[in-house]
Amino acid sequence: MPDHPLVPGSTSAIEKGPWHYGADYITVYFRGELEALRRLVPAPFVVDDPLCMAYVCEIVSVADSAADMVATRPDRTIYQEAAVGVKCGFNGKAGIFFPVMWVTTEWSLLRGILNGYQKRLADRISMTKLHPLNPGLKAISPGARFGGFCVKGPEQPLSLDVTVERAGAPSDLPAFGATFGMRRFPKTGEGQESVDEPVEITKSNSRVSDVWIGNGSLRTTPEVGKTQPLSGAVYRSGFTISGSKSLKE
Amino acid sequence: MPDHPLVPGSTSAIEKGPWHYGADYITVYFRGELEALRRLVPAPFVVDDPLCMAYVCEIVSVADSAADMVATRPDRTIYQEAAVGVKCGFNGKAGIFFPVMWVTTEWSLLRGILNGYQKRLADRISMTKLHPLNPGLKAISPGARFGGFCVKGPEQPLSLDVTVERAGAPSDLPAFGATFGMRRFPKTGEGQESVDEPVEITKSNSRVSDVWIGNGSLRTTPEVGKTQPLSGAVYRSGFTISGSKSLKE
Amino acid sequence: MPDHPLVPGSTSAIEKGPWHYGADYITVYFRGELEALRRLVPAPFVVDDPLCMAYVCEIVSVADSAADMVATRPDRTIYQEAAVGVKCGFNGKAGIFFPVMWVTTEWSLLRGILNGYQKRLADRISMTKLHPLNPGLKAISPGARFGGFCVKGPEQPLSLDVTVERAGAPSDLPAFGATFGMRRFPKTGEGQESVDEPVEITKSNSRVSDVWIGNGSLRTTPEVGKTQPLSGAVYRSGFTISGSKSLKE
Amino acid sequence: MPDHPLVPGSTSAIEKGPWHYGADYITVYFRGELEALRRLVPAPFVVDDPLCMAYVCEIVSVADSAADMVATRPDRTIYQEAAVGVKCGFNGKAGIFFPVMWVTTEWSLLRGILNGYQKRLADRISMTKLHPLNPGLKAISPGARFGGFCVKGPEQPLSLDVTVERAGAPSDLPAFGATFGMRRFPKTGEGQESVDEPVEITKSNSRVSDVWIGNGSLRTTPEVGKTQPLSGAVYRSGFTISGSKSLKE
């Protein structure tokens, strides 16, 4: 049988999971406006607290079935991502829903949509990198500045910057709980099948390191309402996603 | 309700259809190998004739609901496409199935997958354009050469060239019949919903012009088997797609 | 001898000229601020009239020595360009100087810099295309709207739109006269050679067709001062550039 | 005075130097064919030994005058580079000349050409990255594989892979000596000024770390002749370039 772009396999857009991730983040935590956020987050997820996060990151990702692609097809293992996430709950369980998540490659776009992320393709995502051997740059230290932005067509749906103040611990990062999503594959004609399914992303193996805490600012889509930055952070993180679990009763 | 990337709407990746297309094609008709093609075309479609086509084209496309985007968001109305199609049948109805179709924009990728095309994102598709006012180029005439190629990562999944011999008529182009597709949205976890549905794309308003006929050659994915070029053509075409119709019994 | 990127030849970034161009333009004519424009246009060119033009266009270009590249290397024959030009004079001869011109390919960037254009590389230039066979689009007619934009990193240095009112003639387009440029190749160390040379671009074979006249608006770099749109136009144009002529005494 | 793309300044393509670099390299050392290499390396540089290197790398680069751009304009501080270098000499001084060097940004292209590198713009350069927190990847260790490739239009002018065998020291990397270049800005018309100048790039602050040594293989442009891989290496490096020194007598 031929490989459909969404049916995981070696000639598909997507390898068979689980999928492993290692990422470098620049993140701003902020408050949006409750009513605006409620319009952004679909039922059955409930928004009671306007706490949000926005980030840009670079991710090295491999499928468990194809880790050697880092060497044979590096273009299939590296991408940039930018996203806005909103704190919410489902049946009393706390979590985060990402109304939008921009990525720079086909495979992260399609893999994400399949798992329940609302992914979009960015034209470009760029973010600060410090290189320890660059004679003109200092190692990260209090006062160091980081920035990033996402461009899509004539629009710049996210830009943010963070100034770090102190080294921190993983426990210094706000915890949101579970990662919620929405798997949708609508009809384009009468009599078609469709999918419309809230999910919880199945994450494991989470680890965080190199945390620096400070303050930040951001500009993003007006749909989140007026934004009030709370803090900023720079850190590395790794995790595994094995799929997602239906929340439909 | 927020706009999911696949749920047509003004802040989605996809506008609400019907969708109108105007395209400039460089096409090579060829025979592949029957057994290889049968592995490429999924049931319930049946391959009895190894006739295939490969093309590169540039498309101007607008949703019926948003034709003014040609002026306000031209990046949402122009893309390049490259594809390989295989003659096949369903319940005695003749048609064509495209095992793969590369495109250069997010919205054509996702719209196509929703309608049943096996779309993939290309890094680059390039093809011959002649400009009537360029003092170094002649208007199309017998002997004129056209070429195109598609690049994806380190691979070049399609390249073709056509030398035209004579002006032709739309009836000079091989007719394949209906356009078949496969809408798939597989599970990524137990208990999930999924879609697995053969379809016929709902096309109307077809028109063809500026036909030139000649010979061609191509290089493409080995999955089609050894290729034997039959003819080449350059032409313009327009049509409307309103969705797709389930072929599931 | 190996091919240097700037030394025209078959393995260089640039083919040997003359170079032929055929282009589709969307143009806005406007007044900037005289003092601002004088800071933008280098001596020996003199600005006495704040008349300017801004455009986006798609260009098919071939070297006289390599016209078959439209078929063999179409990626070396098509690019998009956006530019701002300022009316000016040299020794009483009227002309135009382009303080900046964004392009989408390496070869148009380097060829232009060599000839005296102040070219920059854009990430993306997008502009309206109408396709005559698209069932959802009308042929150009009074009231038709066109738009275009240029993106570079997080910036959008030019966006413009034009609404056409009537078919026109080439003589309806404001004439600027000669095209002036500045060839510069500065030192990066003591004792190096350098070039600092005003030029006139050597253009011939000019022809214009498909002219439509109307009104327009634009947003561009603040360096031109406050802009006052005068008119808009859509047209096709062709010409040949054989190099440039030094204006140094 | 307006900023010409090549005249360093805040609105130019190039910031004022010196320029600092921090880079991660995947490198293959190889022998080419002496006669082929002699055609690739221009006088006054002399090739007596067919030793070459090819690499892909990612570079974080800042101008001394604008190190804060890592935060404010990260797109102006990160690029990928691929190159082939040939051992050669000038007046008895040993060094390396790079007949071609592909890069992914405008500013590294133009800055390089100005300093004497034969830079070309790549469509894409991709290379292995390992992320220490990715649960599916191991830290670098004997047997780890790295790969990279460069795409330009329909061509893939360089691809290479390295399998590391042991941790090494900077002194384990072959030393080539000085970095030679050729600054060229040819005429495009009679009476024009031009530059044609061999140079030595002015490098300082060199440092190397994280060296791993092993074996490698490569495919590259046939102009180097038949290639015989000698060894492979993965390492990080930093240095400063302040310009280049004319070697003209």
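Which chain is which? They are A, B, C and D, in the order written, and residues in each are numbered from 1.
The working rule: a contact is a pair of C-beta atoms (placed from the backbone, for glycine too) under 8 Å apart; a residue touches a chain by one contact, two chains touch by 3 or more.
Not measured: the values here are computed from a predicted model.
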| item | value |
| --- | --- |
| Those chains which touch chain B and also touch chain A | C, D |
| Furthest chain, CA centroid comparison against chain B | D |
| Euclidean distance of C-alpha centroids - chain B vs chain D, Å | 40 |
| Where chain A and chain D are represented by their mean Cα positions, the distance between them in whole Å | 33 |
| Set of chain B residues in contact with two or more other chains | 75, 124, 126, 149, 153-154 |
| Contacting residues of chain C [partner chain A, same complex] | 123-124, 126, 149, 151, 153-154, 156, 159 |
| Chain D to chain A touching residues, read off their complex | 19-24, 59-64, 67-68, 70-75, 77-78, 124, 126-137, 145-149, 161, 205, 207-209, 236-240 |
| Residue numbers on chain A that touch chain B, as the complex places them | 1-2, 4-8, 11, 13, 17, 39-42, 73, 75-76, 99, 106, 109-110, 113-115, 118-121, 153-154, 182-197, 199, 202, 223, 242-246, 248 |
